[in-house]
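Heads up, there are several structures right after this.
What follows is a pair of complexes built around chain A, which joins chain B in one and chain C in the other.
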Partner chain A sequence: MNSEELLAKLSECVEFGKVNKNAPFPPAMKGMDGADELTAQALEMGVDPVDILNNALIGAMDKVGEKFSQKKIFVPQMLISAKAMNAAMEHLKPYFQSGQVKRKGKFIIGTVAGDLHDIGKNLVAMIVEGAGWEVIDLGVDVNAAKFMQAIDTNPEAVVGLSALLTTTMASMKNIVAEIKGKYPEVKLIVGGAPVTEAFKTEIGADGYSDDPQGAVSYLNALVA
Partner chain B sequence: MTDKTVNSDVNQWFAHNQGLVDILPEKVVVEPYRILKGMGMQPADADDYLLDLISNEMEACKKKLMPEAAFNVHFSHQFSPGKYHIKLDEITFKTSKIVYSFLKKSTYLVLFSCTCGPAIENYSRELMKEGNSLEGLIVDLIGSEMAEWITEEVHLFIEKAMEQFGWGVSNRYSPGYCNWPVSEQHKLFALLGENNCGIKLTPTSLMLPIKSVSGMLGIGPGLKRLAYKCNICDDKNCIMRGK
Partner chain C sequence: MKSLAKEISKGRVFVSDGAWGTFLQQKGLKPGECPEEWNCSHPESVFEIAKSYIDAGADMILTNSFGGNEFKLLPYGLHNKVVELNRAAAEISRRAAGSENYVLGSIGPTGKMILLGDVTYEELYEAFKKQALALEQGGVDALLVETMSDLEEAKAAVTACRDNTKCEVICTMTFEKSGENEFNSMMGVTPTDMVNTMITAGADIIGANCGNGMENMIGITREMRKANANIPILIHANAGAPVYRDGETVFLETPDVTASFIKPLIEAGANIIGGCCGTTPEHIARIVKVVNELK
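Let's turn to the complex of A and B:
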């Protein structure tokens, strides 16, 4: 296989969620090399890690995101693809550390104070990470102080707030106001079942999405 | 039988039965379609790989489940129409229009708490940390469904017991549902006393372990479980609206 074919194969592994040779999924690729082996082979062959990231991995995850938005695939397939992407990313770690390869940016996310519902927030975190962002997950019941502490150490990060209880929408509003008061330039995206575009505008957040892919599109547009 | 005799029989039943409810982990049922639904899927969308994964994690969760459920009854109560306040013993709950309207015909009110214990949510977190996000998500969804199953079991247990006295039960409501502020959780736990299943409240009124449910239901003659009435609720943002 030449490097182009190898990258195409790697891209396919991420798109269809083939993590490594031993992985049973997808059944049609049983016994074949997965994202793990193919990334190692590409690096050995001397392929530029930037090309691996941009031409194989991120492109594949973009396709996954698109298919998810069109409801052609569902959350499980998306998470398996993210896992294959992460297996490949493990090999790229040293290049991230040396600065040769860069992620798209940093994304801080948390479920706002007063709320412990985190299934949706976790999904957003996983999918944003799979799309090439470094994710800092602050967990649940996160107050303004904790968000701002994370912003202090990562001033370039975009911040995501999730809420599931209608009562915590007030908490979201306060947190947005506090963050914007101290860091007017930090971009804030909000989401969660009771949150709407109108509510985003009302509380002065910058972005809103009702699903993880929308959050990815918003983030990607910021760095495009 | 006079109303008085029935009331005293009900009192006796509670005197003997309130407190912990026996929940056997092996009896807990979670239908795979509920987990698929939590991931936005219909049964027809699932392949064998996913169904096997769900079934394996279900078994793992059953082993980790440490179910606890408890309830107690409150005979002394006062309803304040207009304000939607319900005073139980010395504590006044500021409920909402919906919650109030479903509970106001109750002869007595029952408070409950239910939990899966901490092991399932810890297991989910571990799986996610190891990079097994799909498995972690499935376990999280199973834990949530188990918490709901345990709560339903308590509701049914009380409903069945009340049938023998010709009484019924209302819907159950939790602080946080239908515009009843979640901050009222502190009052509920004060009245639950030792029937709190070891659940701790955070300063923001949430329960730890996370896979826990608390709430209130009414009992009395003529009470029935009814469909939620979104049309009279003033919580325009509620995600359950019209579902």
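Let's turn to the complex of A and C:
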């Protein structure tokens, strides 16, 4: 396999969620090398880690996000793709740390105070990371103080707030107001089952999307 | 012993209850507070909710135990209180229902995913078994595994209820509209997949809950009825999709609108009809009226 074929194969593994050789999923790729092995092989062959990220991983996750938006795939397929991407990212970590591979920017994300739901938040975190951003995940039940602490350390970051419960939308509103009060220039994006475009406008957030791919589009537009 | 499935096979249509979570909030439950803890800390408020639905004419009420599994109770530090909180939930609803009406023990999802390696099937089974046994001890007639989106988790819950209790077992999942006459759960499960898998797992009654209002439920019920001609179907619909207005979350489907969908829903094949988030005793009273008129 030449490097181009290898990257195409890696991209396919991420798109369809083939984590490593032993992974039973997807059945059609049983026994074949997965994202884990192919990334190691590509680096060994001397492929630039920047090309691995840009020409294999980001494109694959973009397709995954696109199919999810169109309801062609659902949460399980998306999660398994993210898992394959993470396996590849593990090999790229040293290059991120050394600065050889640069990310598009930083994205802080958390589920708002009073809300313990993490599935939607995790999906957005995975897709955004797969799009080439560094993700700082603050977890669930995150209050304004915790968000602001993270902003203090990463003032250039974009911040994402998630809520599943209709009752915690009020909490989202308060956190947005507090952050904007102290950091009017920080971009805030909101999402979650009960959240709408109208709600975003009402509470003074900057972006809203009803699916993870929309968050990626918003973020990428900021650095385009 | 009372049997919903048996009564349904004789042609009876039942009316179930309405919202609990949104009702508890009206009674003062704060965001971040554990609803199930109220079974021990505010039993009278919980009783009033249950009683209001019986007074509205419902044939059955649920229990305040939706998040009463050890995984959901863990962040509140209440994971060692599964037995106590679920038993109290069942006893309160039993007291409100009397012996005539039915009590359905509510069992919601854990929020953990087998696929991600968060949890194993066996761990889910054990957690649901513990909750189901406590609800049975507290006096429920049936166990309602509800708001499921993952087929494996639903299977673990239904099997745990079937294997370990004498209660009738009901399972509902939450579906969204994904196309013209197409419905899927968040995990991609269709109503047809769900009906077949849950009957095999041992469910006596299947159905759908939550969602975006009564109208979508008609299409979901049709698909379920097509997949199986005889299995009893339970529908618990939200009063429309939640809308945020003036600092409060509201559900805009009025009792009149809900009532207008009941006849087509029964024609589509539903046997037990009630509400979910945002529905009130008034919604239930209107459903009762339509069902009585159709008799």
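General observations
Rule of thumb we're sticking to: the second predicted complex is superposed on the first by the 224 of 224 C-alpha atoms of A that agree within 3 Å, B and C clash if a C-alpha of one lies under 4 Å from a C-alpha of the other, contacts with A are read in each partner's own complex, and residues count from 1 in each chain.
Following the convention adopted for this analysis, contacts are C-beta pairs under 8 Å (C-beta built on N, C-alpha and C of every residue); 3 or more make two chains touch, one makes a residue touch a chain.
Bear in mind that the values here come from a model prediction, so they are computed numbers and not experimental data.
Overlay on chain A: chain B and chain C clash in the combined arrangement. When the two structures are aligned on the shared chain, A:K173 is found in touch with chain C, with no touch to chain B. In the overlay built on the shared chain, the residue A:A113 is in contact with chain B and with chain C. Within the superposed three-chain model, A:E202 lies in touch with chain C and out of touch with chain B [touch as defined at top].
Contacts of A:L165 after superposition: both chain B and chain C are touched. Shared-chain residue A:M126: touches chain B; no touch with chain C. Judged by the touch definition given at the top, the superposed model places A:L79 against both chain B and chain C. In the superposed model, A:P194 makes contact with both chain B and chain C. By the document's definition of touching, both partners, chain B and chain C, reach A:D141. In the superposition on chain A, chain A positions 74-76, 79-80, 83, 113-116, 118-119, 140-141, 165-169, 194, 196, 199 are in contact with chain B in one complex as well as with chain C in the other. Against chain A, the residues of chain B that register as touching in their complex are 38-41, 45, 49-50, 128, 131-134, 136-137, 140-141, 144, 176, 179, 181-183, 202, 204-207, 210, 235, 237-239. Per the touch definition, chain A reaches chain C in the complex via residues 71, 73-77, 79-80, 83, 113-119, 140-141, 165-171, 173, 194, 196, 198-199, 202. Chain A makes touch with chain B in their complex at residues 24-27, 74-76, 79-80, 82-83, 86, 113-116, 118-119, 122-123, 126, 140-141, 164-169, 193-194, 196, 199.
Contact residues of chain C toward chain A in the complex are 22, 25, 30-32, 75, 111, 113, 115-116, 149-150, 178-179, 184-188, 242-244, 247-249, 277.
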